[in-house]
Amino acid sequence: MKHITYIKDIATWKKEFSFSLPIKVRFSETDMFGHLNNTIPFTYFEEARIEFFKSKGFMQNWVRADHETIPVVADLQCDFVKQVFFDQKLKVYVKANSVGNSSVDLHYMGMDEKEEICFVGRGTMVQISKKNGKGVSWTEEMRSKLDCRSIVSS
Amino acid sequence: MKHITYIKDIATWKKEFSFSLPIKVRFSETDMFGHLNNTIPFTYFEEARIEFFKSKGFMQNWVRADHETIPVVADLQCDFVKQVFFDQKLKVYVKANSVGNSSVDLHYMGMDEKEEICFVGRGTMVQISKKNGKGVSWTEEMRSKLDCRSIVSS
Amino acid sequence: MKHITYIKDIATWKKEFSFSLPIKVRFSETDMFGHLNNTIPFTYFEEARIEFFKSKGFMQNWVRADHETIPVVADLQCDFVKQVFFDQKLKVYVKANSVGNSSVDLHYMGMDEKEEICFVGRGTMVQISKKNGKGVSWTEEMRSKLDCRSIVSS
Amino acid sequence: MKHITYIKDIATWKKEFSFSLPIKVRFSETDMFGHLNNTIPFTYFEEARIEFFKSKGFMQNWVRADHETIPVVADLQCDFVKQVFFDQKLKVYVKANSVGNSSVDLHYMGMDEKEEICFVGRGTMVQISKKNGKGVSWTEEMRSKLDCRSIVSS
């Protein structure tokens, strides 16, 4: 696999994932070149992180109309490693790579049934106030639940 | 063209359209069979009717957070007449075919650059209250702006 | 439930479904009105009928590059009965309502966890030749596998 | 604007764009948080680079069934700078930032009507052989048409 800046050691990096979401490639997600359209892994990342956040108990609050904060995406990236086709069954893994005051750097890995990596990615999510759009710090409970390898101040 | 239940006379039906939205078929809207995926014309219908409603001055209110009503789709249908491919330039026509108390039956026609029909469709929109989900009657002004051929009570 | 032209008796119609696909509503499938965008059930119909056709052994041939025929959608319609929201778990049922020479009329029903109907729909699929775009008759084996209530000539 | 690794000097970087595609935010591209879903700018990037490649005369070959090469996306990234809402009119700019033997690093900038940056991005495209999936070098003509600021060997 080519060098990817956010992966220092691929073997270590892979081992740190434990949460995954099973996904089947839909017909409408293919394009006329015959494979998965390149915009779709970002939809898979979104579903995987939502389930990840649900497993931590965060998402349930964020979708309540009266809740003060929502998560927003600050950046996203994806490296396409292996072509993906209609009807393939994938596992999309997600982990919190590092946590800031109000942000978290999530890493993603899409794997096929042969346990080969199809795509990897990362992106920063920030918890913001609905009122003023400013970052809102994680509580200690949220921070510990994010269960990260490393905690950095940002 | 095959018989379509909501089109009595195709020549007359075509003539009644005046509003249209230009649309170019996106790459991500194709599928592995090489043509426009069958779910996409419904997105085109949505964009066309939004522009249609904007041209009447309706949409501007419906998207305001403090406005009491929103439009909802009661049903939708599409008949696929001619295959559509990547990068084609289409015109998506929309007209109000008939108006009820709080509803409107919109008809759609997608036409290519040869002025041949690619798909046709229809669907009922209902203006409902955000609070209780019930239909809210058109005002006389809205009704006259919908500029229909026929007004029926529903 | 309002009267829907393609459903004669709702109780009988419901009982005739046996095949279903579980689907979870994705975040990216919602829109700013807070519920499932109206174009998405058509994507669900597509996935449900593909799994239905796979269960019959049809889809496996249709996606092979060297296979002579593909299925195309002749028309599609959907009636929206109950609002659907992010993260809901649905079952999307599909059945062959009637079979023509080269076509099949599929019916759809989307049901939530309370076993209440959220949307229903139908649409005709035609098996066509990749070379000339003309309808290709079902084989007797295909026809019997479609397992329909009624067989009509079209 | 926060520091973005692929932008050295934002003023210079902005000036280097000349090609852009006008895009209007569709209703179905919003999500229940009320703004443009984060997966959609990648669709805009795709449309912008396709129009960019068409303006160079590349895309016309790549979509021909008998053509030997297609472009594939090696990686993609997007930094979200300013929230985008339904119905906004954007310009999505694209430029070739650097060219390799068979690849090109494209940069993107999405700008609103106030000429403020809403999102920026980049991604590498590679021209590959349909037969063996390997990179196919740009011809001299293609290379000169890509009209880059800098040419690097990769």
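Note that the chains take the letters A, B, C and D in the order they are written out, and that residue 1 is the start of every chain.
Keep in mind that, in the parts below, contacts are C-beta pairs under 8 Å (C-beta built on N, C-alpha and C of every residue); 3 or more make two chains touch, one makes a residue touch a chain.
Since this is a predicted model, take the numbers as computed values, not measurements.
Enquirer: Which pair wins on C-beta contacts, A-B or A-D?
Expert: A-D
Enquirer: Average the CA atoms of each chain to get its centre, and name the chain whose centre is farthest from that of subunit D.
Expert: Centroid comparison gives C as the farthest chain from subunit D.
Enquirer: Report the inter-chain centroid distance for subunit A and subunit B in whole angstrom, where each centroid is the mean of the CA atoms.
Expert: 36
Enquirer: Can you compute the centre-to-centre distance for subunit A and subunit C, using the mean CA position of each chain? Integer Å is fine.
Expert: Subunit A and subunit C have C-alpha centres separated by 32 Å.
Enquirer: How big is the gap, in whole Å, between where the Cα atoms of subunit A centre and where those of subunit D centre?
Expert: 23
Enquirer: Touching two or more other chains, which residues of subunit A qualify?
Expert: Those would be 27-28, 32, 37, 39, 43, 46, 63, 86.
Enquirer: Residues of subunit A touching subunit C in their complex?
Expert: Per the stated touch rule, the residues are 26-28, 43, 46-47, 50, 63, 86-87.
Enquirer: Please output the residues of subunit A touching subunit B within their complex, sorted ascending.
Expert: Of all residues in subunit A, those touching subunit B are 27-28, 30-32, 34-35, 37, 39, 86.
Enquirer: Name, in rising order, each residue of subunit B that touches subunit C in their complex.
Expert: Counting only subunit B, the residues touching subunit C are 32-33, 37-39, 42-43, 46, 63, 70, 72-80, 83, 133.
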